[in-house]
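Okay, got some structures for you below.
Both of the next two complexes hold chain A, though its partner changes from chain B to chain C.
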Partner chain A sequence: MIIKKLIEKVEGEANLNFEFKDGKISSVDIIFNIYRGIEEILKGKAPRDALVITPRVCGICNHAHLIATVRALEDGLKNSGLEFTLTQKAKDIREFTLICELIQNHIKWLYLTIYPYLEKLLKIERSDSYALKASYVANTVTKAMAIFAGQWPHSSYAVVGGVTCDPTYLDTIQALSYIEDAIRFYEKVVVGINLDDYLSIESISNLDKLGGDFAKILYLLGKNDFNKIGKSFDRFIAFSDSKISKKAKSIITTVSAVEFKFVKEYEQNGSYAKGVKYKNRYFEVGPLARAMINKEPIIKSLHKKYKDATITRVYARIHEVALLLKQAKEILQNLDVTQESCILDSKIDINNISGIGAVEAARGSLIHKIEVENSFIKSYDIITPTQWNLSNNAVAAKAMFGLDSEEIASFVFRTFDVCSVCTTH
Partner chain B sequence: MNKLKLLWLQSLTCNGNSHSFFNHSDLFSILAHFELIYFPLIETKYSLQDVLDRKVSCDILIIEGSIKNSLEKNGVDIKELIEYYATKAQHIITAGTCATFGGMFKDYDSENINGFAFNRDVPIDNFAKFKSKLISLPGCPIHPKWLSYVLLMIANNKFIPLDEKNRPQELYNITIHTGCIRNEYFEWKIDTQGFGHKEGCLFYENGCQGPFTKGSCNKILWNDVSSKTIIGTPCFGCTEPDFPKERLFFTKTNMGIPQKMPLEVPKRAYLTITGIAKSFKIKRLERKLIEYKNDN
Partner chain C sequence: MADDKIESVKSLFTAKSAKVETNKGEKYYENLYAQCRERLDNLKKIVPVSNNIKIKEAIEEEGVSRRDFLKWASATTAMLMLPASFTPLVAEAATLMNRVPVVWIELQDCAGNSEALLRSDGPTVDEIILDIISLEFHETLMAAAGHQAEKQLEDAVETFKGKYLLFVEGSVPMGLNGQYGTLGAKGETFIDHLHRVAKDAAAIVAVGSCATFGGIPAAAPNPTDAKGVMDVVNGKTIVNIPACPANPSNMVGVILHYVLTGQLPELDSLLRPKFAFGYRIHDNCERRAHFDAGEYVEEWGDEGAKNNFCLYKMGCKGPMTFNNCSIVRYNEGVNWPVGVGRGCIGCSEPDFWDKYAYERPMANANIKAPTGGVEKTVDQFGLGLLTAAGIGIGIHAAASAVAGKKDKGEA
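Showing the complex of A and B:
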């Protein structure tokens, strides 16, 4: 028996075709239909134009695409023999704006996806104005971000050698107020306790300290078997070093190094999205992967009991917001605005380079590869996080196998924070 | 009083306009004026399937994304669907440069991808057909407050003065240059000397299109706090029919003078003013704005 579902409001749509055998899902085709040909559009353009074009891959993680592009260009310049090091200020500002994008993404996912669809699935009368909550946080953190990046979405403020902004302390103080607003929201509404107390929770035996919407969602997930279902390959990977991740993989809790050369994309029948594997194996990317690689104590504790079940995956994303808020505050408190913003001349030639840029985006590792020949882009390859998680037979599919209802499976699918526009690009 | 029904339909898009509008600081008081039929980020009582099945009605149609021939969602031709609702609606808003002029994704398949009523700057059939109820809101993405202005004007039954491309004059009859905090440097023709500086103008070397791009980014700030040119990024002309042009971080010059003049400024006038401005040295504008010194 085949059941077809249209999954909407996932940054576009996806079609899921479930095949049932003996009442259980035996296979699922995940189909994304809208293709825009962005890699093709980039061919023949001036290399820096990619800084304006790639953010338009995605309305919700546009900033991650910008950072991946600038890193790919800088990696290429270094490979071609140019020696330079960004100032700490430029690195910190890029990290800060990226963090803001992740926060707004995770909070939107919690309140626009997880809460409404879980209540719908469990036939619970809508109990709260979730969109209002999502809007408040998205609004606040993107203001903080725009102080440096000019705007969100679709900023192009990261350029080879640094950033275009040259903030004053007037700016950093204002941004800090916005971040403190977002922290207050997280404390009062999401976790119900203060941030430091929340971050001191390292074991599931202390989860009773939690309040707020987070406690409510964990209760609902636990009561409805989401601590047992949604398990997948239990293999995790990340490709960028930051405070929340390392360039590494985690298999059965052993963390080891990774190299770009083992990442391979492949065509999939019937979908515009390409699949991707590492050494011919599927890996999960995203907040759970980052936490496993970084050995976050509370995630390890959840994982020990529930493995990579849905509850662990959901927890990891909401937990990451706490880590990001703390970091955002620390970066602003320590930012030295007296350093140079951009250390390379804006006219430096980008003639013949080949580079890779990786970034930990909201949904996981985003990889951009650029080749420039005679000052024009010869090829541009974008591998998005959702390609890792959402290809046929990959991580999300495996998490849905064996379930007896397409409604439950669709919710499990949504917990991966699906992005249709990124998957096809 | 019956509220006007608001339907937001997506074609070939990155979702950036939806997210930009969702960022509006007064989002929910604006939406309170309408019955929200469908919006890609917020739960409403109708599903996308209801919209695809033509089961919903709409008074205001907002279109996001460029229109591609034979593009389908769940077996439904999106171009036909948009034209169906466009015929029903009293007002049609093209939200963003893609929906208005074709935008960035047009480059991939130019013949088959257009705006709803324009092929770049050339009006197509839909323009003649829907001109009386069409409002063009280009921008990549759309500014949330440009859209809320139009929606609230409609809700209050007010007349919106439009230009020849049906853009609201109150939003597009100024340039991005209007209100730019670097204007003093523009007046005295002082370049920013690369990126990452508070000082200087980006028009002369770094590709800024602000002086000839229509829009109000520096009058109605982004995210209520900033804009590209404020933080030292050139304006890329994202509200214009030919967005994106090429070599966006460089100004094309002729004998050291930008090839493209500020909007409707004759070259001779520009050259005269430039000659005079450059003959003076304004010391204050040559200095760093702020000296951060630890030793005094």
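Showing the complex of A and C:
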């Protein structure tokens, strides 16, 4: 028996075709029906044009695309023999704005996707205006980001060699006040305790300290078997060193190095999305992957008991917000505004280069590969996080195998924070 | 410099930059005021489309003062190019926004405009977005999903036949018989979907560069043959709010104007509301004085950059781009691209993705010269003529650099 289900609110939509055998899901086809051809569009354009074009792949993680492009171009220049090191200021500002994008995404996922759908699934009367909570945090954090990036979405302030902005100390104070507003919200509404107390929770035996919406969600997940279902390959990967993760993979809790050359994309029948594998195996990307690679104590504790079940996955994403808020604050407090913003001449020719840029985006590792020949882009390859998680029979599909209801399966699907527009680009 | 070039610079900088009529005379506004008054009184009698929250109560609950609300109303009145006496009416219109149903569909897009709308500004703007404007159907915001959502759309279209404003985000892929973009369980193409939902709309508002002019998907070689809404739908009133993303203030502005007057705002030849697109970025840019003084950023992060000089030489497209970013800014007015020294990329102009992209000053760009004439009105100031301004300004910029060097040499 095949049941077709349409999943919306995944920044676009996806069609899931479930195949049931003996009442249980035995296979899932995930199909995305929108295509723009952005990689084709990039071909033949001037390399720096990519900085303006790739953010438009996605209205939600546009900033990650910008940073991936600028890193790919810089990597290419380095590969071609140009030696340079960005200033710490430029690196910090890029990291800060990326962190802001992750925070607003995770909070929106929590309040526009997971919380409402969980209540709907469990037929619980909706108690709150979640959308208002989501937009409060998203507004606050994107304002902090706009101080450095000019606007969000679709900013283009990162350039080859650094950033264009030249913030004053006052700007950092203003940004800090927004971040502190977001921290207060997280403390008061999301976890119900202050940030440091929250971050000191390292074991599931201390989870009773939690309050707020997070406690409610965990209670509902635990009570409804989501600590048992949603398990997948238990293999995780990340391709960028950042404040919250490193370039590595984690297989059965063993962390080891990775290389880009083992990443392979392939076409999938009936869908505009390409699949992707590492050494011919599926890997999960995203907050859970980052936490496993980074050996976050509370996530390890959850993982020890529940493996990569839905509850662990949901926990990792909400937990990551706390880590990010702390990092955002620290970056701003230590930002040296006196350093140079940009260290490369804007007229430097980008003639013949080949480079890779990776970013930890909200949904996981985003990889851009660029090849420039005679000053024009010869090929541009974008591998988005959702491709890793949602290839056919890959991570999300495996998490849904064996479930007896497509409603529950759809919820499990959403815990991966699916983005359709990114996936097909 | 050749005489004709000097003349062209002169004429460029002595011409009035845009001719938007901001004062239409006392009589006109008296009539309009009466018309708005009547409209609002009629709207009050209508039952709200969705009455989750009343704006007055919402304002109090959110701790926004009446004063802040009126401040927003007066700023919005000015943005809509109405006299200050209309402020109370605009405030009242905001409280009546839930009388006008809004349907929002996403086609070939990145969801960026929805994202921008989510962080629109104003008092309790969250409410304006989520409750006061009645978003009867918005894929990103509504609680229903899948088949239920499709049903909800059908219901909205049926119930509010001829009354709803249809907001469209994203371009329409015409290639492969529309197979580059399909939706729903039945796999309806975006083309059919748009035609179906557009049929009974009171008017269509295309938001973002994709829905207006095709946007990034239409960039060469336009793999999916992406088109803007106005090139696909005929016989409907269409308003274009380009920019990538469109400024949420302009989206709210169009709705508010419709609520207030019962009509769409005055449009230019590209169907853009004049209140937002009547001026160029350059006309009201905070760095304009540096342009006039010939003070430019010559390199990212140089002394000029530190002093917020003009970004024209770094490829800023402000002089050729019609939009009100320099006044309204982004993210609740916190900042905008020029504010971080990036320069405008011209994202609200047709073809910006192919013609204006990155770091190439217009004067250096290999774009065909226009067929003569200086700018006259917004309507006549088409893309071709924009280039004229670009070349003229290029001359000015070059001249200033020479002048600057000369001064230094003498000193």
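A few notes on this one:
By definition in this document, the second predicted complex is superposed on the first by the 425 of 425 C-alpha atoms of A that agree within 3 Å, B and C clash if a C-alpha of one lies under 4 Å from a C-alpha of the other, contacts with A are read in each partner's own complex, and residues count from 1 in each chain.
In this section, contacts are C-beta pairs under 8 Å (C-beta built on N, C-alpha and C of every residue); 3 or more make two chains touch, one makes a residue touch a chain.
All figures in this text were calculated on a predicted structure; none of them were measured in a lab.
With chain A as the common reference for superposition, the partners chain B and chain C occupy clashing space. In the overlay built on the shared chain, the residue A:Lys5 is in contact with chain C alone; chain B does not reach it. Judged by the touch definition given at the top, the superposed model places A:Ala131 against both chain B and chain C. Once the two complexes are overlaid on the shared chain, A:Thr338 sits against chain B while remaining clear of chain C.
When the two structures are aligned on the shared chain, A:Lys24 is found in touch with neither chain B nor chain C. Shared-chain residue A:Pro116: touches chain B and chain C both. Shared interface residues of chain A (contacting chain B in one complex, chain C in the other): 6, 8-9, 11-13, 15, 33-34, 36-38, 40-41, 45-46, 48-49, 51-53, 56-60, 62, 108, 112, 116, 131-132, 134-135, 138-139, 142-143, 145-157, 159, 161-166, 340-342, 345-346, 421. Chain A contributes residues 4-9, 11-13, 15, 33-38, 40-41, 44-46, 48-49, 51-53, 56-60, 62, 108, 112, 116-117, 120, 126, 129, 131-132, 134-136, 138-139, 142-143, 145-157, 159, 161-166, 272, 340-346, 421 to its touches with chain C in the complex. Those residues of chain C lying in contact with chain A across their complex are 106, 108-116, 118-119, 126-127, 129-130, 139-143, 145-147, 149-150, 173, 180-185, 187, 215-217, 219-224, 226, 244-245, 299-301, 305-306, 314, 329-332, 334-343, 345, 347, 353, 357-360.
Of all residues in chain B, those touching chain A in their complex are 10, 12-20, 22-25, 27-28, 40-43, 47-49, 71-74, 104-105, 107-109, 140-141, 194-198, 205-206, 217, 222-233, 236, 238, 244, 246-250, 290, 292. By the touch criterion stated above, chain A contacts chain B in their complex at residues 6, 8-9, 11-13, 15, 33-34, 36-38, 40-41, 45-46, 48-49, 51-53, 56-60, 62, 90, 108, 112, 116, 131-132, 134-135, 138-139, 142-143, 145-157, 159, 161-168, 174, 337-338, 340-342, 345-347, 421.
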